[in-house]
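What follows is subunit A paired twice: with subunit B in the first complex and subunit C in the second.
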Partner chain A sequence: MASGAQEKQYTPSLLSFFIYNPTFGPREGEEEKKILFYHPSEVEKNEKIRNVGLCEAIVQFTRTFCPTKPAKSLHTQKNRQFFFEPEEHFWIVMVVRNPMIEKPNKDGKPPAIEYQEEEILDTVYGAVVRQCYSMYKLFNGTFGRAMEAGGVELLIQKLEKFFYRYLQTLHLQSCDLLDVFGGISFFPLDKMTYLKIQSFVNRVEESLSLIKYTAFLYNDQLIWSGLEQDDMRILYKYLTTSLFPRHSEPELAGRDSPLRPEVTGNLLHYGRFLTGPTNLKDPEAKFRFPKIFVSAEEGYEELHLIVYKAMSAAACFMISATVELTREFCEQLDSLVGPQLTLLASDICEQFTINRRISGPEKEPQFKFIYFNHMNLAEKSTIHMRKTASVCLTSVHPDLMKILGDINCDFARFDEDEEIIVKAMTDYWVVGKKSDQRELYVILNQKNANLILVNEEVKRLCATQFNNIFFLD
Partner chain B sequence: MDGESRNATVPWDNAMLSPVDRLRSDRADSPTPGLVEGTEPGAVQRSAIFYHAQSYEDLTAEAENEAQRAPEPDRPQGHNEDEIDALVGEKSVERRLNNDPSSESSTKEEDVSSEAWRSHKKHVFVLSEAGKPIYTRYGTEEALSSTMGVMMALVSFVEAEKNIIRSIHADGCKVVFLTKSPLVLVGVSKTGQSDKELLRELQYIYYQIVSLLTLTQLNHIFQHKQNYDLRRLLAGSEYLTDNLLRRLERDPGLLLSAVTCLPLASSARDVVSSSLQAAKAKNLVFSILLAGDRLVTLVRKKDQFLHHIDLHLVFNLVGSSSSFREGEGWTPICLPKFNTAGFFHAHISYLEPASELCLILVSTDREDFFNMSECKQRFMERLSKRSAYQAMKEALKCPSYSVEQVGIPELRHFLYKSKSSGLYTSPEFPEVYQSDEEQERLMGLYQDLHSCLHHPTRPLRYFYRCSETENLLARLTSGFELYLCFSPLATKALAVSAVDKLLKWIRKEEDRFFILSPLTY
Partner chain C sequence: MAEEHYLELSENPVQFEHASSVNNVFFDEANKQVFAVRSGGATGVVVKGPDDKCSVAFRMDDKGEVKCIKFSIGNKILAVQRTLKSVDFINFIPDYPHTEFTQECKTKNANILGFCWTSWNEIVFITDQGIEFYQVFPDKRSLKLLKSQSINVNWYQYCPETAVILLSTTVQGNVLQPFAFRNGTMTKMSKFEIELPVIPKPAKLSLSERDIAMATIYGQLYVMYLKHHSRTVNSPGAEVVLYHLPRDGTCKKSHVLKLNMTGKFALNIVDNLVVVHHQSSQTSLIFDIKLKEPDCAVNSHQPVLPARSIHPYRIPLSGPAAVPTQPPVPCQLYSSSWSVFQPDIIISASEGYLWYLQVKLPPTVHLLQDKGKLMDFLLRRRDCKMVILSVCSQILEGQEKASLPVVATVFDKLNQVYKEYLEAEQSYAAATESGTSRGGAAQKRPVRTQAVIDQSDMYTHVLSSFTERKDVTHKFIIAVVMEYIRSLNQYQITVQHYLYELVIKTLVQNNLFYMLHQFLQYHVLSDSKPLACLLLSLESTYPPAHQLSLDMLKRLSTANDEIVEVLLSKQQVLGALRFIRSVGGHDNVSARKFLDAARQTGDQMLFYTVFRSFQQRNQRLRGNPSFNPGEHCEEHVAHFKQLFGEQALMKPSTV
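Showing the complex of A and B:
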């Protein structure tokens, strides 16, 4: 190594991810049977067994001191392990390597590695593990369901199929406070336009009586949903981080040419299916839609998920999985929804531009903020740029994001309303407010401010952005 | 003497400190936020009393450093095989320390599978690398041998992967591991303290044990016999660890890595210091005068510094045992931050039978008892002739002050630490924090603030928290650390103005609260 070699920085990364059930191989020599899924799969069998064994031991040991609260994480010098028991005896474990710095060593010695043990926030990655399970459950139902339907073999098969692909989409280096909230961004709208959307939903549900639930989004933000909050939360996550980004490019191309080549009859519209058939005219087209599981009165129900999009407006229609969807139904839906959705999309767009003009030209504000409401899961962030499938860009230093995470942990410890104002070594001020299920985090870049000025600045922000929300002063 | 450099005192990132020997007239009268170390209220005039490389414990890689930096005190005894055998045979710590009879607490006998045992807020376990129990705070070591075996198994399992176990987290409970070969320390806490705070506490316990045996001896014993039962050597000294754990929950000094002084007019303190300075002897390294948990003065050999951890261990030793009241005590003590390899010998005695004033004379020579005793006599003779002695006895009657004296409305309590002197001051607990429970809760809040300010990678300068029970403000500058506790009615404007006001007040009182001119022999 040349002496002038640079230090190399490594971000946190996924070391392993496994799912086990200790009741499946209780006897010695049968330990392998406990393991239902293990990533990376090429790990040698004995090592898998040992790593699962350590998790079992940690969980068991922690019970000595708190029998009711299971272990959630293990910190070591090199990595952190997160434990989650979503269903009785089923454990999901995610092992994340701490970020590290590789320092080149002179004299041809191997480089020195320094692990940064304080960089990973438990709350963030704990939430990521729970999200993994929720996403599996959205598309597969519970582990228990697979066990009932086809025993361990089926469960193993389903886990393999789902997690093999899903784990590739995890981007651990860009996880932050927003993953803890798992919130939904709502599209701000005037009453008139909102009523138009509601009547559109009603009309479609009336004409196509098969439709059980509908959700309506614009610009990746939610406007209307008929689902339960928790189901919508994970569906929203899927739509905005996976499905929409995958289809965004063709759409951009489509906007340039006013007419789609496959436009039928005299109906000119931009509507198209994001799930199911890509081209209705294709005689080979398959009318298969992804199935999702949502909560219902007796446990859960299985639904077809149809996502239909025109310009920036997207409508999700959910239909009971017991019904078989045909070409006729899809054509009917396309001809009914396509033109109306196109019209609505341009209406909303127009309204949105007007509103923006009224609120005045946007100037770079002195502050950035994240807001989350635990009651309706509404979240708003001016820190994050638009999310894409692969990365979630933030406009502030990662250390500041971690300070937000630290404050959030602090809020979670006590049930009462609180306010925290801190000044980081970099002279940024960070304010956290928790009031009646709502949390607001503000980052101010005012080096010479003091506590009083910062307080006034945040008051002003609350007045303009959240004029009808009361925050503890 | 004045010009001597405070070697290795490199606090934070501030290597360009103002000269330490500045005159009092140089010191800014109004405490501005720009105060750097050495000019803050309570800063020392000449040179630091303590050896403090950093105000926050460095938890890694210190064992290596300290071997190099600690000057070797004269070691009167070699550590050979015979000595260990002798120690193992009969000369147990029990004899040397002649412990307090009241320490035999009933908590030891409780059922370790009971809910009551589980619900203790903080457990501490010490075990050997062979998994043998050495200490448990609650229950008996025998009953917990299998639990400790599991702890050791977890440590070794992770070690086998060339990794180090740090902690386990569950909702409302965490387990923290500290491996300090040849010992392993485990803390189980339901207090919500940060990992770093818990590790710092385990570190104290580790040093407590080292102070009884020296690290050299510990290593020697376990190299000799891996599954040696260390309780044989430590029998009768558990109360020291029990007591230290209680101190950690109550004493802000252990949190701040600082000690507090008996408020005393500087004229009187200077007389006491110079009387101690005069009563020197060849092998005398430190003369420490305590009033309960408060330092009256400390005189040290030139170039020798006492680390605050070592001083707290001395405080703990003196405060935990009533046997020193019976006459002159003579006990070996290892000051692990000074040197983990050898023993010092401490002459411990109270100035008067019923007095709180306790004099500790630390010598390097085990045969020095009579020399030390004579030093004390000389000190007493000199002191008793002066009015300062009376002034000191008067000061003992009000060893603390009330927060009302500061004159800031809604201020309930505060901690102020001068970084350069390693001393802190704090008023007595006000009415609202009278119960033990409330005092511990307040200490918990201070611990939280301390952890946030001293976060290893994301330190903060300023922390303000407003909640339903109190408003807290913490500030960290290169010169001082300040923690303020207000009633929930206090406004932010009040809190901001309180900082300046309080600093001015401390500046005005610094003569009484701090040791501004420490002496050396």
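Showing the complex of A and C:
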């Protein structure tokens, strides 16, 4: 390391992403028809066909070993491929380049590249692929639906439109255990304030009877969902990783701050639409809202998604897409919800600070942990910083994150309750616990700790943080 | 049109011989007795009271026309005024001399305006020159003057409930001087002046006795002044002005009731409501002085309800002479022969009836559209419970269904009263607990009025049937029950388990498990063993209920046995063992229960582990690894031997 040249580290990155259906071009010479979407699009046609053909062959070949569970991923030295069949015959493939280290070579030779093929986890990126599909489905419905509505042309169009933008927002380098969980962070709240929110939701749904479902969030954390769990999970993902950050960044930057109180009647309020019209008073304002698809008794239902925010409180109102939303409706909603939501937001904030004060100044916890409950998808992480649109920051070394992922894979293999303690590099210890449907991962950094000490520490953490749930020691 | 008459005459009036040339009728407000005096008493005096016990019949000598006749409290002594100067007394106490005795008023040249009994043997003479307070000694047939006060008196009024006499003084008569009587003492209260609409010139008596009445409303004494409409003052109608008369302190003008009409009026007090009868329109108005009027000046009141007449009344032809086929005769209401007495008495001397005026609550429900105001009104009434509950049902069902904010307002009003009662009960309980040591006046046990509508009332009469209804959306049902729970929480009232059950039942019936899950997550449905058991029973339809239930049992911290049972039933034997050890109950659990469960799993290693663990426990507790006969583990010992051989058993340590 005497020379000025340094090692260069490359994080995992997206090489390609494609969707195909082998039944669309079964004959020779028609292979191109199978391809519904291919990124990057500038790849030469024959290469696209080759790559798709390879995937097809691998899936077909591995099927002979286990017909019920087709191949999920393919590990190679340079990259890793993930296969996912969300609907019959429709395949999504994502190819990720392994992280690598570029070592400068003396004598002006080209640098040596060392691929770290074991550094990325199948579970994490498998989850990313599934998330891609869920997100597409949230805004477009199933592939089958597009086929029914307008054949392959429409599907191709929709895939192009959606994934062109969506893939740019994938940040593969920062994917980790939380992507595997796809959890929801719930806002801690006292009973009375929670009941007030219930009351608010019920009243709004009663007076604006068009509203079919409502979800309520505060500080990007969920408080109430009228949607079913799986739909809420993906909507929550969209809200917290895409919609909210998009709107909060200009606020933080301070440029043309939209936080000017609106006056309706004699009530001052801070309510505004995050979807739909940015300014109700604009005569040119369009009253178009994004449409989402959620599960219903018969298949799917299409809904308008209205996201309305006042200070840190956000309410999502969902209305059947068969209804056309008018200016009058939006004005009515604004004047009804704006003042109430503003009041509620300050109530929650006040209550939250009171509770904080009662529980005492939060000491900087010595341990960082991730908690996840499969039953209600509740997740809690002291490892992750606030998510922004661009990056999800973690406060621990990627190697530790990988250990967490590995433990999680171990847990997934068995149904039994388990506990795994790992001694990592330097003074780090990683503890994974699984009890019934809950998983807890703790990272401890303690000099000269031993197994018994670490075990005691984790017990203490459970006793303070999780004393109100049944979590076996 | 629904029934609208919200006032009615009592069904069983006091009947007496109607007034005639030979029969004089008197009414005593203190004992609420009607005296029918025939021929000056010579042919009989019949006294009828509110119940049969108060009814008496007797004869007395005709010593001239009777001006006033009243029993002392408890019918002990009868006082009869026949002249302007004196009052005669007759003992009604057995074994006492029955011959009449007489007391002349002490003041020279004074005329007696009347008299009032203030106890069984104390009487006040009111003369035009003052008042004289006497004690009567029936055995000695004499009276002793306790106190007197000279003052010019135009007329007087007596409120028997509070034993306060009000004297009209000065030339115009509008300066009122109250006196209070209690246990042989007479207290002069501070005098006050009634504002007259016009000051007459030259001065003359301008305040009539008919326009003043005294009554207690919500436990406070008020002087009510019927202020007639005057053409010179720009007012839309007559008013009733209420002067609050506290026992100590000065009298203040406190409320103005706007009648918006002119003409002849009469006042009653029923159930703390001021009832104003209007003769020419034959209607009555009611006022509630506690009902705040948002759009009126301070303490100015509009009628609670639109004016309506008293419910038509038919006089039943009773007695042996009555022919069954003969229909009852309609009674003329608001007749000019009616006399109205405080608080709630209406007498028709010409027909021989005494009625109590009553308020009927059901018709008010439709007349008062503002449900919040209606609740305020109903909660202060005596027989309100069933009406309130019916209003609650009404606002949840059918055409008159109210919006959620209205429902919330109604719930909040009910729970406020409910909470106040619970708090009073609590402080009473606390006081009685520590009461003996502290001494002093013992606190009175709080009275539970009908306005206290508790959770069980709401459940039985409103919510349980409402949640069963098919024509109401589940969304509305859940919203309503949650609103009720919110309201209870707001008033910090512990929510009863059956309300939670109602929520859960409704959610489960509609497959809204995720909502249920969220409610439990935020502890909106408070923890309890029954609730945890209910959740356990849902596990087959909603698997996460298992986790929710275990969490709840854990938080209760008194349900460790239940947790063990749940885990064992799930064959999580090791989990159960670890749990019971973590809570320190390991030494006392039944080994048999665990061994049974372990054996059932068919997992031999598990059985081995559990068995050895209990052997170790035995060793630690008793110094011997073997099981006591009382533990009934012989079967498992045999099983263990059979599986792993005799040598695998832990041997008693030989230390």
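Methods note: the second predicted complex is superposed on the first by the 454 of 473 C-alpha atoms of A that agree within 3 Å, B and C clash if a C-alpha of one lies under 4 Å from a C-alpha of the other, contacts with A are read in each partner's own complex, and residues count from 1 in each chain.
The rule we apply is simple: a contact is a pair of C-beta atoms (placed from the backbone, for glycine too) under 8 Å apart; a residue touches a chain by one contact, two chains touch by 3 or more.
Just so we're clear, the structure is a prediction, and the values are computed from it rather than from any experiment.
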Seminar exercise, completed: So, after the overlay on subunit A, do subunit B and subunit C clash or fit? They fit
For this session: Please indicate which partner A:402 is in contact with in the superposed arrangement: first for subunit B, second for subunit C, both, or neither.
Result: first
Exercise. Is A:417 contacted by the first partner subunit B, the second partner subunit C, both or neither?
Worked result: both
Exercise. Looking at the overlay, does A:194 come into contact with subunit B only (first), subunit C only (second), both, or neither?
Worked result: second
Seminar exercise, completed: Of subunit B and subunit C, the partner touching more residues of subunit A is B
For this session: Using the touch definition from the top, say if A:378 reaches subunit B (first), subunit C (second), both or neither.
Result: second
For this session: With both complexes overlaid on chain A, what's the closest CA-to-CA approach of subunit B to subunit C, in Å?
Result: 6
Exercise. What is the shared patch of subunit A, the residues that subunit B and subunit C both contact?
Worked result: 417, 472
Seminar exercise, completed: subunit C residues touching subunit A in their complex are 403-405, 408, 475-476, 478-479, 482-483, 485-486, 489-490, 514-515, 517-518, 521-524, 544, 546-548, 550-551, 553-555, 563, 575, 578-579, 582
Problem set entry | Residue numbers on subunit A that touch subunit B, as the complex places them | 54, 57-58, 61-62, 64-67, 69-79, 116-119, 122, 399, 402-403, 406, 410, 413-414, 416-425, 450-452, 455, 472
Seminar exercise, completed: subunit A residues touching subunit C in their complex are 186, 189, 191-192, 194-196, 198-199, 202-203, 205-207, 224-226, 228-229, 373, 375-376, 378, 417, 436-438, 468-470, 472-473
Seminar exercise, completed: Residue set of subunit B touching subunit A in the complex reads 118, 123, 147, 150-151, 153-154, 157-158, 163-173, 175, 188, 190, 192, 195, 448, 452, 455-469, 492-493, 495-496
